[in-house]
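Next up, some structures in structure tokens.
In the two complexes that follow, chain A is the common piece, with chain B as its partner first and chain C second.
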Partner chain A sequence: MADSLVYVYAVTDATQELPAVTGVDDTSVRQVVSGGLAAVVSSVDPTRFSEEALRRSLEDLQWLESTARAHHGVVAAVAQSGPVAPVRLATVYLDDDNVRALLDDNGPAFAAALDRIRGRTEWGVKIFAAPTPGGAESPAVDDTRPGTSYLLRRRAERDRAARGLQDAVAAAEAAHGDLAAVAVASRRYAPQDPRLSGHREEMVLNAAYLVDEAGAAALHRLIEDRDEPTLRLELTGPWAPYSFATLEEQ
Partner chain B sequence: MTDLPSKIQLDPEAIGRDLGRLVLTIVELVRQLMERQAIRRVESGDLPDETVERLGLGLMRLEEAMTELREHFGLRAEDLNIDLGPLGDLLPRSTFRD
Partner chain C sequence: MTAAVPDRDVALVDLLDRLLAGGVVITGDITISLADVELVHISLRALISSVQTLVDS
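Up next is the complex of A and B:
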């Protein structure tokens, strides 16, 4: 087995400066250059980053968290000084020659990806359906027939919940249309489970937008100005453009 | 292969709570199904008023009893659910109330 394997974080322009940042597993970060492109990599321990070791480790949440944080830390640091095409977490090559081959084989695709995100940032928008206010349209309570009143009340609640969610989904669609209009590109993801998002409300939109500087300002204005009681909007960013420049884009 | 935990901790209190939670979840599922069915039948209008009242009272008492039992086990409404993976949740989330 080789002394070390090569862990790849991202692809950048060859001219881009490398920031001082620590990589996964406390390794140092360096560049592998070929043509106009550079891969940002670390040499890693083969006993921990071989295919088999990774398969085991990826199920270890603690390992996954520290590795993902380190991976993101490197990508975010590199993104400070220029366009960066992040590579999927735990992408490992045998040696530098293989990384150079990756750059050469996909040169035009990487160059196009870097051009697409040059001077642009990614912002994430999550929209939640705000809890529907109850009580307002509850049917009158008939004290002489509590059982009937109970059923009618439950029916009203059921209808209101269904209507509330429908309205929220429609409003979120409209918001997405407005946001996508000021963005260079947009991408939608499946709404997250409440346990993952940490919110009890139903997520009705989970999207990412690639914007230039003017677009970012417009995006902020849209989010701030949108005043809809049925929705709660959450804006995060700026992110390195994970959603628009990954290897899978090609 | 993932290693199995070398020791399984048997905490009697936790087992009691988990078992209570499982039983209550099943009962809550049946209760919700009955309630939805009752509402549909009321909507179709083919039940005499007396029957509607009796149904409603029964369901209302059942809900009160469920709330009491839940509090006894220290569970929240949203704890009474089972994640069925790709099938989603056993109970629809929108039916939960605080």
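Up next is the complex of A and C:
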């Protein structure tokens, strides 16, 4: 087995400065340059980044978190000084030659991806359905038939919750339309499980928007000005353009 | 370009959306397939309580 493997974080212009930042597994970060492109990489321990080791490690939440944060730390640091195309987590090459081959084989596609995100940032917007106030329209309680009244009451509550969620979904769709209109591109992710999002409300939109400077200002205004009692909006970012630096759209 | 968010302010779950479902997909010499990523999500769900702590902290 080789002495080390090459972990890839991102692809940038070859001229881009490399910031002082620590990579995954406490490694140092360096560049592999070919033509006009540079891959931002670390040499990593082959016993910890082999396919088998990665498969095992990805199931370990602590490893996943520290690796994801280190990966993100490198991408975010590099993004400070220019456009960056982040690579998906846990992409590993056998040696620098293979990384150079990656840059050579996909040169035009990477260049196009970097041009698409140049001067632009990604913002995340999560929209939650605000809890619906209840109780107002409960059916009258019939004391002689407690079982029936209980079921009726439950059904009314369930219907109200479903209507509330439906309204929230519709309002979130409208909000997404407005946000996408000021963005260069948008992408939707699956709503996060309430147990993972840390919020009890139902997430009705989990989206990312790629914006230029004017678009970012417009997006912030839309979020601040939106006065929708059925929704709660949460903005994250700026992100490196994880959701938009794709090669597939060529 | 705007400064990026300090790392610790980023919720792990938002980060994983991007790192596992976004980013440039290239075939490395070693690449973990999407099927494995699904497993990660299931395993994350099984570890809800610890994620909850991470999300809250």
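Observations on the model:
Rule of thumb we're sticking to: the second predicted complex is superposed on the first by the 231 of 250 C-alpha atoms of A that agree within 3 Å, B and C clash if a C-alpha of one lies under 4 Å from a C-alpha of the other, contacts with A are read in each partner's own complex, and residues count from 1 in each chain.
Definition applied: contacts are C-beta pairs under 8 Å (C-beta built on N, C-alpha and C of every residue); 3 or more make two chains touch, one makes a residue touch a chain.
Since the structure is predicted, the reported quantities are computational estimates derived from the model, not experimental observations.
By the touch criterion stated above, A:N206 is placed in contact with chain C alone, chain B being left untouched. Residue contacts after overlaying the shared chain place A:T121 against chain C, while chain B stays out of touching range. Contacts of A:V24 after superposition: neither chain B nor chain C is touched. Annotation for chain A, partner touching more residues between chain B and chain C: C. Legend: residue contacts after superposition of the two complexes on their common chain; A:Y150 is shown touching chain B, with no touch to chain C.
In the superposition on chain A, contact of A:R158 is made with chain B only, not with chain C.
Shared-chain residue A:A168: touches no atom of chain B or chain C.
In the superposition on chain A, contact is made by A:E59 with both chain B and chain C. Of the two partner chains, neither chain B nor chain C is touched by A:V44.
Look at A:A79: by the touch rule set out above, it reaches chain C but stays clear of chain B. Chain A residues in contact with chain B (one complex) as well as with chain C (other complex) are 59.
Residues of chain A that touch chain B in their complex: 56, 59, 145-152, 154-155, 157-158, 161-162, 165, 194, 200, 202. Contact residues of chain A toward chain C in the complex are 5, 8, 11, 49-51, 54-55, 58-59, 61, 64-65, 68-69, 71-73, 76-77, 79-82, 85-94, 98, 102, 106, 110, 113, 119, 121, 124, 126, 187, 189, 192-193, 195-198, 206, 208, 216, 236-240, 242-243, 245-248. Those residues of chain C that touch chain A in the shared complex are 1-5, 7, 10-26, 28-32, 36-37, 39-40, 43-45, 47-48, 50-52, 54-56. For chain B in complex with chain A, the touching residues are 2, 35-36, 38-39, 42-43, 49, 52-60, 78, 93-95, 97.
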